Each structure stands twice: as structure tokens, then as C-alpha cells.
Amino acid sequence: MDLAHSSSAAGRSRSLSERFRALRSASVSLVSPLSDADATIQSMPDASPAKWHLAHTTWFFETFLLRDHLGGYRLFDERWPYLFNSYYEAEGERHARAARGMLSRPSLDEVLAYRAHVDGAMEGLLGREELADLIALGIAHEEQHQELLLTDIKHALWRNPLGPAYGDLPSGVMDRGEGALGWIEHPGGIAMIGHKGAGFAFDNEVPAHRVLLEPFALSPRLVTNREWDAFIADGGYRTAGLWLSDGWAWVQENAIAAPLYWREGEAFTLGGWRVRDPEAPVTHISHYEADAYATWAGMRLPTEFEWEVAARNSDPAAGVQCDGLAVHPVGSGQLFGDCWQWTRSAYLPYPRFRPAEGAVGEYNGKFMSGQCVLKGASCATPRGHSRATYRNFFQPYQRWQFTGLRLARDL
Amino acid sequence: MDLAHSSSAAGRSRSLSERFRALRSASVSLVSPLSDADATIQSMPDASPAKWHLAHTTWFFETFLLRDHLGGYRLFDERWPYLFNSYYEAEGERHARAARGMLSRPSLDEVLAYRAHVDGAMEGLLGREELADLIALGIAHEEQHQELLLTDIKHALWRNPLGPAYGDLPSGVMDRGEGALGWIEHPGGIAMIGHKGAGFAFDNEVPAHRVLLEPFALSPRLVTNREWDAFIADGGYRTAGLWLSDGWAWVQENAIAAPLYWREGEAFTLGGWRVRDPEAPVTHISHYEADAYATWAGMRLPTEFEWEVAARNSDPAAGVQCDGLAVHPVGSGQLFGDCWQWTRSAYLPYPRFRPAEGAVGEYNGKFMSGQCVLKGASCATPRGHSRATYRNFFQPYQRWQFTGLRLARDL
Amino acid sequence: MDLAHSSSAAGRSRSLSERFRALRSASVSLVSPLSDADATIQSMPDASPAKWHLAHTTWFFETFLLRDHLGGYRLFDERWPYLFNSYYEAEGERHARAARGMLSRPSLDEVLAYRAHVDGAMEGLLGREELADLIALGIAHEEQHQELLLTDIKHALWRNPLGPAYGDLPSGVMDRGEGALGWIEHPGGIAMIGHKGAGFAFDNEVPAHRVLLEPFALSPRLVTNREWDAFIADGGYRTAGLWLSDGWAWVQENAIAAPLYWREGEAFTLGGWRVRDPEAPVTHISHYEADAYATWAGMRLPTEFEWEVAARNSDPAAGVQCDGLAVHPVGSGQLFGDCWQWTRSAYLPYPRFRPAEGAVGEYNGKFMSGQCVLKGASCATPRGHSRATYRNFFQPYQRWQFTGLRLARDL
Amino acid sequence: MDLAHSSSAAGRSRSLSERFRALRSASVSLVSPLSDADATIQSMPDASPAKWHLAHTTWFFETFLLRDHLGGYRLFDERWPYLFNSYYEAEGERHARAARGMLSRPSLDEVLAYRAHVDGAMEGLLGREELADLIALGIAHEEQHQELLLTDIKHALWRNPLGPAYGDLPSGVMDRGEGALGWIEHPGGIAMIGHKGAGFAFDNEVPAHRVLLEPFALSPRLVTNREWDAFIADGGYRTAGLWLSDGWAWVQENAIAAPLYWREGEAFTLGGWRVRDPEAPVTHISHYEADAYATWAGMRLPTEFEWEVAARNSDPAAGVQCDGLAVHPVGSGQLFGDCWQWTRSAYLPYPRFRPAEGAVGEYNGKFMSGQCVLKGASCATPRGHSRATYRNFFQPYQRWQFTGLRLARDL
């Protein structure tokens, strides 16, 4: 099946079953620190309630697997697809995105019952080889929503003047290994980009194709809070010449003077308000801020192609990624983890890209306008979800994800 | 004390204690059909979460009674006044009104604990005669919020596509007694307006003063759904000449074509979606709609003075008012009850009006701009709360309260 | 004819002819300092281009006099009624108010030709007695637009960073006569309000009727720039407790800290930027500002009824009013002139008010919602236009008219 | 000088002088059909008044040539740089873009006098070889504004209900030569992109660099009105699946159902309202519309690199481009002319791109965010202005330029 671009390894279906069950269980554990009310509120149109994430990912399996492929399956509730479809036009009318916070009903318990119902029915499909790609897509989809659930609840809790914590942050200090790595240099030339062969990938990662690169170098680590403080101290947010025109307008209109979640000496984290660690990677910055910082530093953002080529041989499951609940970037010497890394690349289709037929074809292609590509993985990304060819994308002003910055320069 | 304008009858303090306890208990029972999530969401900036109403009314007692008058009282939580102050500038900074729906914490249970704590401490003040007026003000204040809690949760549940019910509606059909009453005629002349003498009243009801009235007549009952259907069928919402200029702009911009909560043949009620009763009073109409209807009917809205004079000898506790939970206008032959009745009077200070000193002086006076007076009481008004001199007020476009219309004409 | 409420004095038609010709000529002279471009631009939706005022007042005569009453009259241009109808719904669709500044065509010269054409045709109607009331209405209408033309062009020129002058200001210093007048005291009681008998009046000034007044006093002169400076120095714009709730929100949202057109030590006038005269009346203030000042001064705004009763025997044509081109408030001991004076009265219909039949019935009645009454006359009011019963009205936030403040207090 | 990337051919300065004089004269002739009022109005924030274009292009020469390089030069008016700086932050504060329509002063005549003054002073610099690149930049800059002047005045005249014409359209029917050309096929491979060597180019066209292309084909001609009618008839504007997500939101919010300037059977042109020619290229479409059409047609938009490579050997001065006043796309067999052609490429910097030092460095680089590249030239482009490496760019929703569409497909 085109969308998922998976290999057909023997024994995959068993592993897929296990992965499905682990995934579904992990999502539920993410809401364990939350009350029904916590899981209901929506703090901005870009964010969704935790409860909605749990239900929407379940709707995905119910719709594209159970409804379409399990004979005799009855919907858990016929009114719910209207509530929990996100943006699939082909699936009909749906509840307005900005009004997801109005759904005090169904309750969190009812949503959990929905999950159990769908999980039970899914057992009948997990072994069907011809559905493996679609199930893998559903898993990858839910992993994405696990990350969104964490960043969305962080935003919601931050808007509460009481500043409640979602959970405990890891207390140990990571070996950041700054000394270990030098600038990552690359001689340029023709490089292969995109996914090919075994393993799952989204449709926006294919077809694999060649690009021409000039010689470049990537910074060995992400820009830190200490460095960002220097940017601020040097008037970075008040110097028009450092900014893209749209970025400067955004700074002026929103009176931006620091990353999101900063206040004097502190930052809001999933563990509540904490003193900022100067050596940790700066996070919650927009593309505009990342670009201005790079200009200030006399460098630039990497392209998505440069980043992908540099990361080809790195372990995508290494670094600071999400294994449990409360997460926070602390820094490491890895290419993956801590923060998604803004590139200067616009999110556009690869040559000969074709969306899949049907509703799942709306997964990626229609968003290829006005957004920027991010590479890597963040502290909130389920470990194992990302890879070198992965293309994350957000609007250039958005910064409630764990976004950060790795510098590049020409050689 | 000026604000409350109460009489000092012997034994009042005991009755005040009983009223306080009954009031506080009634508020809690209003949230019995609601989950923590239901009580947390805010469906528009004009509305507040149910939980917030419970906490804000408690903050009023904690601040103006316990903090100011109970030696050694410690705040339940020092961070909560910031959350639950509504608009008292003299009480300092406060949480933004439009962001009240972000407060998933404190939980409903914590708010109920807050109420119990304050209720306990209040026992030490209930017998103090010099505080009786301030306590009576706190009671009247909480009664207002009981009505708002009902209208706000109605709005929130309506925004849920599942259309959940808050509770059961009364099933019995009321004797509407239409035949009983004819037009209420009045010969005009000098009349006394406003509150004087015994009993509680808000500061906006004084000083009592004289006004000159022309001869007029008031309709014996409220305009009904059946009559409103005729207005619609006659093109009422499409005929510019019937509308105030601001009203016509409001109709155009918001594509208004029916009262709030109407859909084909049905209306949303606290009992969920129900078939509309043609003989019940029309409700959830704006001042603009009421004015346009009156013009269409060849009549006009009454002034607040006409209404008050006509109602002087009516029982303000009669009619369809709130005794329990789910409420709905069904019609009666009374002047009070079913729906608040729009007047053509702007909400302005009475001659020689003076706001009270201190924060409670912000209770009414500062809102005397741009709003319209409503008289009577609605099905959601706690029975006993209103009186002939009562001045309710809302913006002319607002219609999520149980608002209705009684016609007037010149004699 | 009801609308104009005029007397039928012998010889009126001749005088009406003369008044018509003088009026029409005066309007044209108002644009003598303006280029076609000056007369085309629209600086905000509340304001209209000078050219539009010239054409719209002509459209009024063409439509309600020539078209309706002159046999065989042909429209000057059949497409222009669409352009120059202001708000008469009964006259059909019209050009959007906010887009009046798009009309670089027709040119100012073409509009002047339109005026000449209509003036010529009007000669055939000026002697017809049965049209005298309608012609008087057209004259009063155009006088209103003469004032708006001046206040609108002032706003437009102010928005130009070059700060061009419309004309020379009168240089002589007026005898302000402050000493001459004491507080104007009135014992209260029953008073007649509104227009009755001979002379033109708008429909909103009738029917005459009685009101009851409490004893009050009016300040002998308008509040001055010097006094306003003291209000500012005392933190008037930063003290929430002085303001109506809507007013405080307006101050915060718009960062209001001074009257419109003020900058350090200067004010923009029709003569360009000028040093402020501390003894001249403060002008270009909103109702909110006027109300806050009165509260700060320990007084209040008068009601429209108090003002009218106090002014009954004053000469409405005295004081600083408009005789020529450039105008500015300089102060005088008169009740009329310099600035329109905000009252605390909402703009509402008088008892038994009925709009006229047909399109001219839209003149006043439909605006009776959300606005405040102003009394007197300003330096831009054509001398002879106003009278004690005159009811001017604007939104409480508007301040581009020559608006000012006279204090009142209870006796 | 880096910015202009010009060759230093002998005799260039003389030709530059001639080009300068011809350019300056051509700009003035563009306003010959306009009154001062026409040249003053601003119909939307994206557009500027004709007068402003004349003055701003003059300010560019006055600032970067005369002020910086002509000893003893005195500014024509010291207050005007504030008015006529467009977006150069390094040149200080400036008049708000959206308020350019407030400038009834200076008059068109005064602006023409400004032009004459600057032109005279420029004679002293035209022969200086070291300034040739900067002068060439000023010329290219003014050519861009000539095109904007035409598209902006078209928009302004369209907003006038009278629909006035700017001038006569060419009446002759062009030989469109559709039969002449087949699909333009290209085998892909490594191609050089960007400007190198002799001749002027903007800084965004360099450095020249290599890209890898897949085999592709370009349509021989632009999509026509007839074809667009078929798209509409087939429900193109109502079919979500054809649109980018941002595009679909734009269609919904703005109720888009046809290209800009269309009404039943007609289109607004610089010659007023005209019957649409079905064989002429469709124009005034957004990127979103172009992309949706291509999807509907089973094809795609070309990349900017594909277009540039295909056009390398075409004559950039051929086709329907601007030689005189009134212009309109009529169709031809050329790659250049008629309409700017949307590509699927985001407007991003070329590898090793560096903005110039100083204020002129703000010319292009800071706009490299959120915009789309267009290639070719339009009927309003001064003939000789464009070239194969030229990168025009606009926001994907903008469509008041003469924008059109050439299809591409993979081979």
C-alpha cells in the first residue's frame, strides 16, 4: 500500500500486534495525571483537549480499519465520528476545530470505554497481512498525537495562573557530551533524499530522489538557553535587520521578547515553573526566532536536505526522547531528540509525489503550503517514532511544540 | 449601610442566617447534574463556568465579610482571589474574564471544599447586626449568580453537538390563565419610582424619586412562540424598516433569523432539544429583536417606569420562577416570571444616585452605559429574589438570558 | 407635515428661497481650500469625504423634492443615487459607507455641476408652500453636513504627517466673560421639554411633554484645557475608579491618555498644529472622558432635560459658532457654541414619538439605541442651526466632533 | 557591486543615462489618464496610490544616489522621506503602509515637481561608472513599481461602482499561435539555475548554482478563460479535495467562486468592464486557485527551476508585455508575457545567498518567507524588465497582479 511504504517482513504482523497494544496502552497512561476537566479544556485553536486526542486516534482505527474492513462492525456511537474527525473532508462534516473545548461530554471515562471497545474489535484485524500498512499508519498517527497531547496539555496548564505541574521532571543531569562532537562537515554533491525500502514512512517522505548539495557544516549541538540569553541581551528582539519581514511583523504585533513559556529566570515546564538551565537547549521558539538568531550568529538554518544527509547514519532512537510521562529538553550530543529543529526548507512535495487515494490521502499533501520543515525528534516524541527522512512541519509562527535550533554554515 | 437599603427588623439576623444557609446549599445543588468537566468549560466570554460561579460568590463572602470583618481569618488559598474576583478594580489584578474556561484546577471538589470552609467561618459573622446589610448583599449577589449559572450551563451544553440535557423539565402543563387578564391600563401622572423603606434593594434602585408618566397600557401576557412564528413568516428578520439601525447591523452581521437556541420546530432547553410549545412565551431574544417585534406589532416596548408602576401591587414571588433545577418558561398570567422583559429604557443612574464607598461601590454604577433595563423575573430567577423596583440590565444584543417581551401602547 | 414641525408664517416661502440659496452657496465655499484629492479621501469609516457631503446633500434635494415633486424631472445621473444615499433603506441599495473614499470619480468639478443642476431645478419648487416643510428639512440636513464636512476634513488632514492647515484660524482673543456668569441654579419641578409651535424642528424633538426635575445647578462655562491638564496630571486616565466600565475598557484597548488631536503642548486644529490655549474649552473628548472628568471633579454630567430647561431663554445664535471657514473653540460666556456638550442622557424617543412615513422617517428614530445626547452647538455649527430643544447624538466613544463638557451638580 | 550583478561593458553609462531618462518619462506618462484624486486613493493595504509610486521611486534615487553620492545635495523636502520610504528599516521610521491613501498632500503636481528636481540632480551622477550598478537597481526598482502602479489603479477603479476605465484596450486580436507549440519536454538532469555574467539581476537571482531535475513537460500555453469556465462548471470551487488546506480555508472565508474581477460574463479591465474572451489567458487567480486547477486537470504547477530551464532560450522581451498604457492579457505562443505564472516553489534563498550591506540589502532577502515564486512576465511588465532567472514573488492568496497558470507534468 502506497501510503505506508512498509516492507513485508515475515513475522511483522505479530510485532505489529504487540506494537498496537503497547501504543494504545501508552496513550492511556499519558492521561493518568489528568482529571476529566484537565482533559476537556482547549487552550487555543491550535491545541486540542487531551480527551479529544484519545478519541480522535481511536476514531482513526474505527473508521479506516474497523468500519472499512471488519464485517458487521457497529460504530461505538454513531454521533461520535462528527466529533472526532479532525480534518478529513472526504469523511464529511465535523465539529469545528476551535470548539473542541466545548466537549465536556463524552466524559474521559466514556472515551476510555470507547478505546477499550475499539481495541477489542481491532484484535480481529491485527493479524491480517493486507491491513498491516494501514495499521502501521494508525500507529504512527497515534504516536504523533501522543506528542501533541503532551504539548497541548503543557500549554493548557501554563494558561492557569496556578501553574500546575503535569508530572515530575527527570531529576538526573544528563551527560550532554558537548565536547564529544565537532561541527559535522559535509562535502556536498549528489545525495539521495527520502524514504526507500523497508520500514514505515509517511507519504510525504517519498519518492526517494536525488538532490544536489553544496558543501556545508552543521553545529554539533542545539543552541542553548545561555546563548539565547546573549541574543536577548544584545537586543535581538529589537533589531529589525535580523528578522524576516513576516517575523518582524509578528514580533511587533505580539510584543514578543523571549521564547514561549519564559518569565524572569524561569520557564514553564511539564513539571511546573522551573529555574532555567542555561546549558539546556532553548525550546519553544518560532521559525522566525530561529532564523533571526542564526542571522545574529552569522550563520543560517540548515535545509531539510542537509540535515537528512548529515543524520543518515545517526541512531534515530537515541537522545532525549519520550519514554514515559513528564519530559523536558536537557541536552545531549545527539542529532535526534530534545527539540525538533527548524530548517529553512518550505514544506513542499517531493518530485512525483502523489497523495494516496481516498480519505487517508488527506494525511499530508494538502498541508504543503506555507509551512516549514522540522527535522529530528523532541523530548516529547515517542522513542522510535522518528527517522532521518521524517518531515515534521509547522507554521513559522508556531512555537508550542518543543522546537529548537541547530546552526548551519557554508563551507 | 447605603448599599443594601435594608430595614432593621428585630429577628432579622436569625432569618438572615437561615437564608444564608439555604442559599449556599441551593447553589451547590445546582451543580449536582454536572461533572467537573461540565463545570469547567466556558462557552463564550459573556458566560462563566459553573465552578467559577460557585467560587466567585464564595470569594465575595470571603473578601467583603471574612477578610474585612473576622479577626484572624486566613484566606483559604492566597492565590485564589486573583482567580475569582470578577471585576472589582479596587481589589486588584484578576484573571482575564475570557480565560475563565482555562481553570481545570482547582477542581470542583476543591471549590466545594472552599465553600465549606467559608461557610464555616461565616457562622461567626451571621449574628452581627452591623454586617446584616452586607450579608444581604452577598446573598442577593449569589442569587444573581445562581441564575447566571443556569443560563451559562445551558449555553455550554447547547454548544455540544450531542445536545446533552442538564435535567428533566417539569412535565405538567401550567394553567396559563390568558383569559383572566386584560390590558393593564394606567392613567399616567406623577408616580414614585425606586426603592424606599424596608427590605433589601440594590444601590441602583435608589433614591426613590418621582417621574411623570403619560397614560399607557401593558399587554396582559408575554409574546408567545406562536406570535413570533408569525413575525418570522411575515419577513420580520428581513425587513430593515422594523429595526433600530444597530439592530439591523447586528442581524446582518450575525445572520440572525430566529431566537437563540431555535432550530427547525425545536428549541434547546435545559432538558435538551424539545419541540417548541407555541403557547409558551418566546425567550432568548435580544433587545433589538424585542424592539423590532413591537414595531411590527404596531406597539412599543414599555419604559422601565411604566412597568414598575404597573407591577407595584403584583406579587413578585408569583409566576414561573426557579425553585429547583431544570427550568423553562411555560407561561402564566403573572407580571413576574417566565422571562425578563426588555424595556425601552437605557440603564442610567437615578437622580442623586451615589455609588457606595469602596469596592462594593463597583457593584452597579459603573455599568450605567450602553445597557438596557429589563424588569420582572425569569424562570431561572430564584423565587423571592426580584421585586417591582428591581433593575436588571444587559447589552441590547445579548440573549442568552431568559429574555422575553411584553408589549405597551399609548392611551 | 409632521417631520418638520414648522409654522406657516406669511412670506416664509420667500425667506426659504433665500435661505436655500445662501445655504447651497455656503456649502460650496467650504470646499474652496480643498483640492479634488483632499475632497476625495476618507480617513475613517465614521467620516465621509468632503465631496461626498456635497453630493449627498444634493441627492437629498434631488430625491425627496425634485424626483418626488417636480414633474418631468430627470436625474442628473441615474447611477449616482447608489453612490450618495447615506442610510435610507427605503431608497434601496447603496455604496458601502466604509468605501466612500474609493470615489475618485465623479470629480469635485462634476459634483459641483451636479449641485448647480439641482439648484437650478429647485428654483421651480422653492415657492410651493406645501413643500416648505420638506425644503426646511433639506436645509437643516445640509447644515448638519456642513458641520460634519468640517470635522471630517479636520480628521483627514490630521492623519497626514505633514499636518496641513485647512485655513487660517481667527486670531483675535475673545472676551470669554468668565466672571460674568455664576452657576446656573434651577429649583426643579415640572418642566416642558421638546419643541412646540412655530419654527423648524427635527422629529426627535417632539412631542413636547412634561418632565419632573430635581433641583440642580449648571456650571457657567465649559471645562478648559487648563482644567483637563490637571485631570491628566492627577492620573485621571490611569484611575479605573473614575470611569464607566465601558469607558475603562475603551481607555485600555486604545491606550487613551489625552483628548483626540493632542500632542505635547499642542493640538491639531483646522489651522494646523497650534499651541494649546489653557483657557479655551477642552474639546474632542468622548462621553467616557467627560463622565470620568465629572466624577473626578466630584460632580456629574447634566441630563438633557436640565440643560434644555436652563437654556430656554438663552440666545441659541450667540457664542462661538460657524460663520465662515476655519473654526476653533475659544470660549465664551454663552450656553451655546464652542463645543457640543455631553449629557448623561441616552438618546431615546420622547413619549408618543412617531417617525414620519416613508424614507424621511429614517432620519432620526432608528438611531435611538446606544447613543448619548449632546446639547448646545459648536464652533462648527452653522449659526442659527441649533436651539434649546435640539438633540445631537453620538456614540459614547466618538470624539472627532467638537465635543466638550459642562458640569452639573445636585442642589 | 554585489547587489546588481552587472557587467561593465564599455559605453554602458551612456545607455544607462538614456534608459534612466526614458524610464522616468514613462512613469509620468502612466499617470496621464489620472486625476490628482485618482492618484491619491488606496484601495487596500496591499496596493499603493499612483502618486505614492511616483514619489517612492524618486525617493529611492534621492536617497541611495543623490543623498549618499552627490556632494552638497539638499533634500527636496526634509519631511518627505518619512512619507515615501516603503519598508527600509535602516532608513528609519516611516508612514504606515495602510495609511498611504491619507496623503492628499503633497499633490500630484508637487510630486511631479519632485521628480523633475531629482531628475535634474541625477544628471550629475549618470556618468559615474562606480554608481552604474546602483542606478541600474533604481531603474529596475522603478520598472517594478510601474507594473504595480497599473495593477493598483486597476484595483482602485474596480472598487468604484461607476467602473471607470483607465484607458483604451488594444483592439486588435493577437495571433495566439496555439498550434505552433507542443508541450515543452525536458529530460531532466543537472541544470544551472540563477544569474551569472553580464547584465543586471536582482540579488535574489544569485548565486548561480546547480539543481537536479526529473524529466518533465510544460504546457505550450497558459490556461484560458474557457478552460477556467469548465473548472467552475465542474464544481471546482466547491470541491474540497482539489485544494490545499490553506486554500480551502481561504475559499470558504472569502466566498471565492471565480477569479478576481469577474462578474457574469464580464471581467473588469483597465478599459473598464468587458466581455470575457474565452481564448484569452485566465488572470487574477491566486496560487491556491492555480494549484487547485492543476489538481483538477490531473497535472501540477511547475517548479521555478523547471520553468527557468525551459525558458533559458526564449526571448524574454517577446509576448504580450507593457509598451504603453492600457494593457490586458490576450494570449500568445510565448513563455513570457500575458501573465506571471505561479510555480509550486516557495520563495527561498539560493545556496550561499547573502543580502547586500546597508539599506539596499533589505530589497529582497527579508521577504523570503511564506511567499511563492512566479516566473515569466505579464502584460503590465515593462518590456525588457524580465528574464529567465527573474523571481517574482507574492503571497499565495494575492491575485490583484496579472497572475496566470501554465501546467506541468512528470515524464
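Should a chain be cited, it is by its letter among A, B, C and D, assigned in written order, with residues numbered from 1 in that chain.
As a working rule, a contact is a pair of C-beta atoms (placed from the backbone, for glycine too) under 8 Å apart; a residue touches a chain by one contact, two chains touch by 3 or more.
The UniProt protein names, listed by chain, are A, B, C, D = Ergothioneine biosynthesis protein EgtB.
This is a predicted model, so every value here is computed, not measured.
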A correct list of chains touching both subunit C and subunit D reads none
State the chain with the largest centre-to-centre distance from subunit B, centres being mean CA positions. D
Subunit B to subunit C: how many Å between their CA centres? 38
Determine the centre-to-centre distance between subunit B and subunit D, using the mean Cα coordinates as centres, and give it in whole Å. 60
Geometric centre distance via CA averages, subunit B-subunit A, whole Å: 47
Going by the touch rule set out above, which residues of subunit B reach two or more other chains? none
Based on which chains are in contact, what kind of graph results: line, ring, star, complete or other? ring
Of all residues in subunit D, which touch subunit C in the complex? 35-41, 43, 79, 82-83, 95, 99, 101-108, 156, 159-162, 164
Using the touch rule from the top, collect the residues of subunit B that touch subunit C in their complex. 87, 89-90, 190, 209-212, 214, 240-241, 243-248, 287-288, 291, 344-346, 348-349, 351-352, 362, 366-370, 396, 410
